[in-house]
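One chain, chain A, links the two complexes that follow: it is found with chain B in the first and with chain C in the second.
This part shows the complex of A and B:
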């Protein structure tokens, strides 16, 4: 096990910058998930750590030792690939043994390790099979086994579940997480699926455009996104992001009113840096909004109702903008119905229109709400 | 009756192609083989009798035949080994990305497109000290004492057509092996790198096993083709000097079209056919055994 420290890492292919200064401290035994849309540089970062690509500038340390110039095999990290990359001409047993035999581990110890891992992963009955004779989930397990059996300093996962169907993905997610809790080996896990990120990570790194947008525990990223990108990326259904203006004439001193169109959404504390134009993006999670048929609230009209079984997603129109409400109540609204929304001012997050940065209230500083 | 017809129906559908293939492939083969048991000499109106195994008895006592058989083995083995070895190296080089790779790939394919007779003439001239530079280069390098024609030296003449054939046949292996190499997923090598395999270990434990099926089939095909391929020898040396470059295929050609003894030539051809069949069967059996064990 090892701590991994990434300082100012940049990666360029020719003139194209893929990573633009990544700083990240992965603690010993931590499960870190790198998440972001395709092309954000998350896989590249993983490959830099693995040693499959060269670092342009910056520094990566494993256990306080700079590994920039080390060959992959000297880094002692194990990787699980999206395609599993199992050796097709070898049996499961040979696949598991391959890395061990290259390291000159004695035969008896090798058999013992393979045995141990295959029991742990339920591969005992499959050891003599070739990869093509295995199902997707079994291949995934062999790929995991090949990583675990070497007892490396850290695991690197490159979208390991994206080739599986939804049900299997859910199950493997659970198995990987359980296995991690058992082994407690430092893990860096790349995915584009924010649900995977939320469910598996100790800490999430949200990446976009080659930059780490925010690093933190899943719930913190969800509740307290640092910018528009994180707010929009984390959470499904996604956060409502509304074009709004701030009006200064509210009752309490230090408060401003958030308006969408001509409707007042809520009175909130004045942000520490007030935009000159007064224009902001107001964000609110679909499940943090309540509603009713009463008259005192923000008037809105139901556009469409989607039933997900576990709940409902209501698309509504308010102040000339479309937004979503998520509820687990069994509601009877239909398209065209009118209703009134209620918003708790504390649930309303404000973002700068130009920079996308979060606008926090004066009193709150840079910390939590 | 109706039942029989129904049972036969699919065979009727298949019949045209079966008959066509039979007529094109098996009829000439059977007629050709039957020549081996007849005395057929062109320009001899009295020939044409059935002679049984007489040609094969002659053959057994024919020193030229045994010489040609020995040369066939040397010719085939050296051509296949060199073509395969160099072709594999070329394929491995071409499998790495570099500027101008497509153009080079095209150039590599070029020898294959040259007609065999033309390339035979070309190489014969290259080895000829009157017009070709090779004898001078070889003697300057100390490989040859004097700039002589390699093709007129009975001890080494066979190397002339072998070199020409290697040059001509490398593209076949390079292109087929390159195609096979490109079908090996890149992340297998990345996984092997993470597992700690160096370049040689990756080649031996990933590349070679995954190329094995392609290697088996191409080597088998190439062996049969090369053993059966008299063009370069006929053009470059006509089997000479003193039969030192005669292989079975060129011996058949000489017997048939110079001595005009089609009967005897067919007997030699039958022996060559039998040997190649045995070789192919042995290779298939070996592959089967290996596949079972692996």
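This part shows the complex of A and C:
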């Protein structure tokens, strides 16, 4: 097990910058998930840690030792690939043994380790098979086995579940997490699936455009996103992001009213930095909105109702903008029905239109610089 | 019913066309064998018969006993064997390099390799002779091996590169993370997976070197260093052509190539990489 420290890491391919100054401290035994849209640089960062690509500038340390110049084999890390990358001409047993034999581990000990891992992962009956004779889930398990059998300093996962169907993905997600809790080996896990990120991570790193947008525990990222990108990326259905204006004529001193179109959404505390134009993006989670058929509230019209089984996603129009409400109530609204929305001002997050940065209320400004 | 008939007609036509092609391709070989066992006295009197009224192995016996053919044969085995092994080794290294690395001058090198394939070899027979002569490499098998290797490496390299391109990078990266050096990953993971490619390249270069006539004729004038294509010409004299012996020698020359392909055909079968990646 090891702590991994990443300082100012940049990666350029020719003139194209893929990573633009990544700083990250992965604690010993921590499960970190790198999440972001494709092309955000998350896989590149993982490959830099593994030693499969060269770092342009910056420094990566494993257990306080700089590993920038070390060959992959000297780093003692293990990686699980999206494609599994099982050696097709070797049996499962040989696949598991390959890394051990390269390290000169005696035969008896090697057999013992292979046996132990295959029991742990339910591979005992498959040891003499070739990868092409295995199902997707079994291949995934062999890939996991190959990583853990060596007892490396850290695991690197590169979208390991992307090739599996939804059910199997859910099951493997559980198995990986369970295995991690058992082994407690430092893990860095890359995915574009935010559900995987939310369910598996101790801390999530949300990446976009080669920059770490926010680092934090899943719930913190969900409740308290640092910018528009994180707010829009984390959560399904996604956060409603509305074009709004701030009006300074609300009753209480230090408050402003958030308006969408001509409708007043809520009165909130004045942000620490008030935009000159008064224009902001107002964000609210679909499940934090309530509604009713009564007259008090923001008037809205139902556009479309989607049933997900466990709940409903209601697309509604209010103040000339489209937004979603998520509810687990069995509702009877149909397209064209009119209703009234209610918003708790504390659930309303404000973002700067130009920079996308979160506009925090004056009182919170000091707590969250 | 009508549909069934149509399907049957389709397959009959299908196999008829295939059969036609096979006959077209194999007929010269058949004729080679047929003439090689036709006695000289029947060669012209029964020239167009599909099978002679009686057969003989006399031509084979005289080729093996009374001509220098066994020597030519040995020379050809040495030249084609050495050329195919050397070319394949170089092409494997170069092809892997082109497939996996990007480096300064790569485009130029690939361009130059392409250019070497673009002009007729007859053009450079004289300069090559002038180059090899002072080095003592004319009338020598080594000279032929060098020339053949030089001419076969570019195509063999492109061939090998395409086989390496088909092997996912993930596999060698996994091996390197597992603790292998790049060379070890190449040896333990990539080479076993490109055996079909290696076999194909080896076969391609072997047949090219085995049947080459132009340079073998121009560079080596002594019969000690002649290969069998040159030897076949010896059956053509000023006033006659000894067809029987020539064909017998031809059949003998086919044997090693057939044996070689029998040996490697197991590896020519594709599909070894199935199951490596994805589900």
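Criterion: the second predicted complex is superposed on the first by the 365 of 369 C-alpha atoms of A that agree within 3 Å, B and C clash if a C-alpha of one lies under 4 Å from a C-alpha of the other, contacts with A are read in each partner's own complex, and residues count from 1 in each chain.
Here is the rule we go by: a residue touches a chain if its C-beta (ideal position, glycine included) is under 8 Å from a C-beta of that chain, and two chains touch if they have at least 3 such contacts.
The structure displayed is predicted, hence computed values, not measured ones.
Superposition of the two structures on chain A leads chain B and chain C into a clash. By the touch criterion stated above, A:133 is placed in contact with chain C alone, chain B being left untouched.
Contacts of A:163 after superposition on the shared chain: chain C is touched, whereas chain B is not. When the two complexes are overlaid on their common chain A, residue A:72 makes contact with chain B and with chain C alike.
Of the two partner chains placed by the overlay, neither chain B nor chain C lies in contact with A:34. Of the two partner chains placed by superposition, chain B and chain C are both touched by A:85. Chain A is touched at more residues by one of its partners, and among chain B and chain C that partner is C. In the superposed model, A:46 makes contact with neither chain B nor chain C.
When the two structures are aligned on the shared chain, A:98 is found in touch with chain B and with chain C.
Touched by chain B in one complex and by chain C in the other are residues 50-52, 72-73, 77-79, 81, 83, 85-89, 98-99, 102-103, 146, 150 of chain A. Per the touch definition, chain C reaches chain A in the complex via residues 168, 170-171, 173-181, 184, 188-189, 192-193, 272-279. Residues of chain A that touch chain C in their complex: 50-52, 71-73, 75, 77-79, 81-89, 98-99, 102-103, 130-136, 139, 146, 150, 163-164.
Residue ranges on chain B touching chain A, taken from their complex, read 185, 187-188, 190-198, 201, 205-206, 209-210, 294. Looking at the complex, you find that chain A touches chain B at residues 50-52, 72-73, 77-79, 81, 83, 85-89, 98-99, 102-103, 146, 150.
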